[in-house]
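For reference, chains read A, B, C and D in written order, and residue numbers begin at 1 within each chain.
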Amino acid sequence: MPLLTADAKGVYPISVTPFHPDGRVDFDSLDRVTEFYLSKGATGLTILGMMGEAPKLTQTESRDVAARVIARAGVPVVVGVSAPGLAAITELSAAVMDMGAAGVMIAPPGGVRTDAQISTYFSQAVQAVGDGVPVVLQDYPLATGVQIDPGTIRCIVDALPQIVMLKHEDWPGLAKITALRKAEAAGGRRISILCGNGGLFLPEELGRGADGAMTGFAYPEMLTQVVALCQADQPERAQDIFDAYLPLVRYEQQPGAGLAVRKYVLAKRGAIASEAQRNPGASLPPDAQAEVERMIARLERRLAELG
Amino acid sequence: MPLLTADAKGVYPISVTPFHPDGRVDFDSLDRVTEFYLSKGATGLTILGMMGEAPKLTQTESRDVAARVIARAGVPVVVGVSAPGLAAITELSAAVMDMGAAGVMIAPPGGVRTDAQISTYFSQAVQAVGDGVPVVLQDYPLATGVQIDPGTIRCIVDALPQIVMLKHEDWPGLAKITALRKAEAAGGRRISILCGNGGLFLPEELGRGADGAMTGFAYPEMLTQVVALCQADQPERAQDIFDAYLPLVRYEQQPGAGLAVRKYVLAKRGAIASEAQRNPGASLPPDAQAEVERMIARLERRLAELG
Amino acid sequence: MPLLTADAKGVYPISVTPFHPDGRVDFDSLDRVTEFYLSKGATGLTILGMMGEAPKLTQTESRDVAARVIARAGVPVVVGVSAPGLAAITELSAAVMDMGAAGVMIAPPGGVRTDAQISTYFSQAVQAVGDGVPVVLQDYPLATGVQIDPGTIRCIVDALPQIVMLKHEDWPGLAKITALRKAEAAGGRRISILCGNGGLFLPEELGRGADGAMTGFAYPEMLTQVVALCQADQPERAQDIFDAYLPLVRYEQQPGAGLAVRKYVLAKRGAIASEAQRNPGASLPPDAQAEVERMIARLERRLAELG
Amino acid sequence: MPLLTADAKGVYPISVTPFHPDGRVDFDSLDRVTEFYLSKGATGLTILGMMGEAPKLTQTESRDVAARVIARAGVPVVVGVSAPGLAAITELSAAVMDMGAAGVMIAPPGGVRTDAQISTYFSQAVQAVGDGVPVVLQDYPLATGVQIDPGTIRCIVDALPQIVMLKHEDWPGLAKITALRKAEAAGGRRISILCGNGGLFLPEELGRGADGAMTGFAYPEMLTQVVALCQADQPERAQDIFDAYLPLVRYEQQPGAGLAVRKYVLAKRGAIASEAQRNPGASLPPDAQAEVERMIARLERRLAELG
């Protein structure tokens, strides 16, 4: 499988990790949800992200999940390898690149604060994954507590050619995309920018120069359609589609609680066998289920109206 | 003016504080925006909240703003009095209650963490505002860093009869509303629950038992319409209206950056003379203006379709 | 009174604010504790710092305390003016400089994170205090949550000539003093560095190039003796004195709880009438009193041994 | 090896993990430092703690380190098993208990905040380690960001009989020990309390009812002597010893930087071959080395004086 490059575009869904109700990884559902993402037009896949319950897996399970998805996907697979220590990053990164991963994704640990600490961390992390391994810098302050200035991202990108992509998940973050693209226009090395946050700002992000989405949403076809329509210069149609899904996007984008929504809908759609999360994690309560069902019914009506 | 009670319902917009471009408080615009909120159906008003740039005002200015709004409003006015110290809370609270405020709103300071610390803080704060002053407990973890368990809210409410309302702004927060209403059904004292977060979850919050909204949004008529339609048992119509505004609600709900959106739209709508924020604060950049203008055009088309 | 300059040296005790048991400011004790600090060799005074319970005062009380101390002290008085908003900083700063303060001290608010945000904040704050007012940059990450890189301090100092002093209170912080002095040796503008943290690392800080102490401790004579002995090139004697007080320094340096220790000892020594803190604040429990009394007895024996 | 019980007393040094300068675990030094701690009177040992650079090890390395120490020690060995996910805790806990560990130590993850979240986390963690495995609750707010009320500790202890020990590392924390011992005197189940923070408050902690120390310090003989002397009712002699070491205790207790001090001194004393930390980690700079050397010289003189 080719390695990830700074030219990457499109939609890389953040895959859920399916579990059996007793907590074991459900590898059959992993196959099924992989096919599901591909059938909805995914350009690539990202596994072992935060919303993939990666920290709940043992290292052995992480490798097994990666092996299964990489073997099946046939598209570039990015693997989240963030860990409290560099040795664990080296170990997992080496394993998944051997399996044929397209690259690895790394978020900074919560303790780094100053620009210098952030830059130093990514130097060490890139050294830890080893020469030639493409790295995605995950910028997700709401989850990590680390705020990265656009200027600091530029410094890191200039210093570390292995960083080929930004997983952009700052909030608010539109001005950051604009600042980064401006810096590139002024001569900086171009990187790919794929956006997260469940797609909540996807139309605006694409308008600011993002290359697509790397995020989870129980209807990945929304992400692929919006990206395709924007690239085909049909922004109004893209926005109509987006707006139809927006009530559900917003509802799924509740920190923590959103994963139960996502897995409920994916199970309902047949993409996974069970909505189970590995402990700790909750199933969707009945009142929330009713809210989701109502939104889905409204979504279907609205999509029918839009034709 | 009657005092705030646990029976409060409806919409209490969080008022912006208008400034002249040179940074002085614009009292004429303050009158105008007060009228604007009332003309859109506001049940009450909340001033000197976080999105009212309250921390940027001197104590004298805070009192002057409160006096102006309370004198004009003719509806219950809740005044935010959060401050690093209790003496400042006492001073401002006494002043605004003398002016005829309906109650005061208090958020916990960032340093409190444990349930006991939170309860102790609200005991001290209620004592600081003095006997008989109705208090709104503001629960806004994203801004304060303080997470309050529903059980802790119940303990506080049971211990402190002056707390008559929860400004609910947790995220995710739907399960909290359900838990609080359940506890009341089991015999607890009822409090009013008005919701914040720009109205991003308003239909679901009302469905869970909230009494209305206490939040800012440049189209307060959305808030009042949605609350009225839900109370009139027209949830589908309420949701249609809500969904039409949702792209803009989401866009205005960007932490920090959202206030520039709100003031831009309010200025465009004639509710205030200038979108200026007092320093530090930014005006809306041209690319964001274009995004907002496009959303407004789409909103108007969609509302026309809905009839 | 002359203004604070980058040549400042010596000991500026962080003054406590004395209260009556009923919570009113005790101005007689304020006079007494001012004399106390002077009698122990203070070069200057710092008032309205965090350990001076500044956030518990109203703006009026803050001005009254400042006026009383400045009128009496006869040495340079630095006034803490940190506040959530710039307008409050402007107001208090103007008032105390009019009274004859030597300068103002400002810590960054908790929300700033990146180097750029920190630099921008101090630009705005210096503009807020107005031309010609000397500013002390307070770098106290344990209390503020803001970590400032030495390189960022240099950028701020280079950009803002009004910043004449660093109140150094990072922990660990010795390497930061060394880095700052090295940068000055390489051509940067020199600033005064006075150290906080209750003097816990005072001998090492002086050895790294600090100019003295700006901190609270119930035995300010320890601070002045250690600084004087180090300046007189008697480091072993300085260290003997320091080590004798160290058990108490350490005990007083407990976050939050330490202020009760300090006020207990100051009251015992006659420097203030009452150990009362304004609410919220606790008096020293009996078991802690016994620990302190035992330490004082041992301290006196040890000082007698040292001669 | 017998399992850890609530009757545990004495000193359990937090062992460093020795590395070769190239970053590999130095197992020979691991043997040597184990012998070193034992020769200084250690009652037990704690490995894979935060100051043992545990997060920098792979799971395989963690198991290898545990196996080596447990096989050699001949005293109870507590193993830190904190991890971002429960599956990793289960895996490591099972492995080390099989090897003969006396118990495992768990700190709460940074995200838990409310009392209920903390209690729930420890329920899940205890379930994760499995029936019959003794658990040490690590309460270290400065590192974890999680503040645990004494009442919450009591609730957890009452609910979970497997929790037999508190590693007490709150700061300030003396009142917490007193509160916990009072609650036990009123009928609660007794747990062992061993104290951390480098021993900085050891005499007072013992006076409040702690059972000993579980912490790192390059002179573990200080910890064992102070505990022994206090138990032998010689508090003045204990305090003399403590005070002699205090300048170094304080210096080693600098967050982050302190580990370089500890490893430097341990290497100097021959307990480990190299002061190297695994990346990221710094060696002790020359100016800090000079400060440490001076403190050691003074310490030796002072101990000689004390006889």
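General observations
By definition in this document, a residue touches a chain if its C-beta (ideal position, glycine included) is under 8 Å from a C-beta of that chain, and two chains touch if they have at least 3 such contacts.
This structure is a prediction, so every number in the text was calculated from the model and none was measured.
Shared contacts of chain B and chain C, meaning chains that touch the two of them, come down to A, D. The chain with its C-alpha centre at the largest distance from the centre of chain B is D.
Set against one another, C-D and A-D show the most C-beta pairs in contact at C-D.
Averaged C-alpha coordinates put the centre of chain C at 33 Å from the centre of chain D.
Averaging C-alpha coordinates per chain places the centre of chain B 47 Å away from that of chain D. Chain A and chain D have Cα centroids lying 38 Å from one another.
Listed for chain D are no residues, as none touches two or more other chains.
Across the complex, chain C meets chain D through its residues 171-172, 174-175, 178, 200-201, 204, 207-208, 239, 242-243, 246-247, 250-251, 254-258, 285, 287-288, 291, 298. Those residues of chain D that touch chain B in the complex are listed here as 113-117, 147-149, 151-152.
On the side of chain D, the complex with chain A involves touching residues 55-59, 61, 84-88, 91, 110, 120-121, 124, 278-280.
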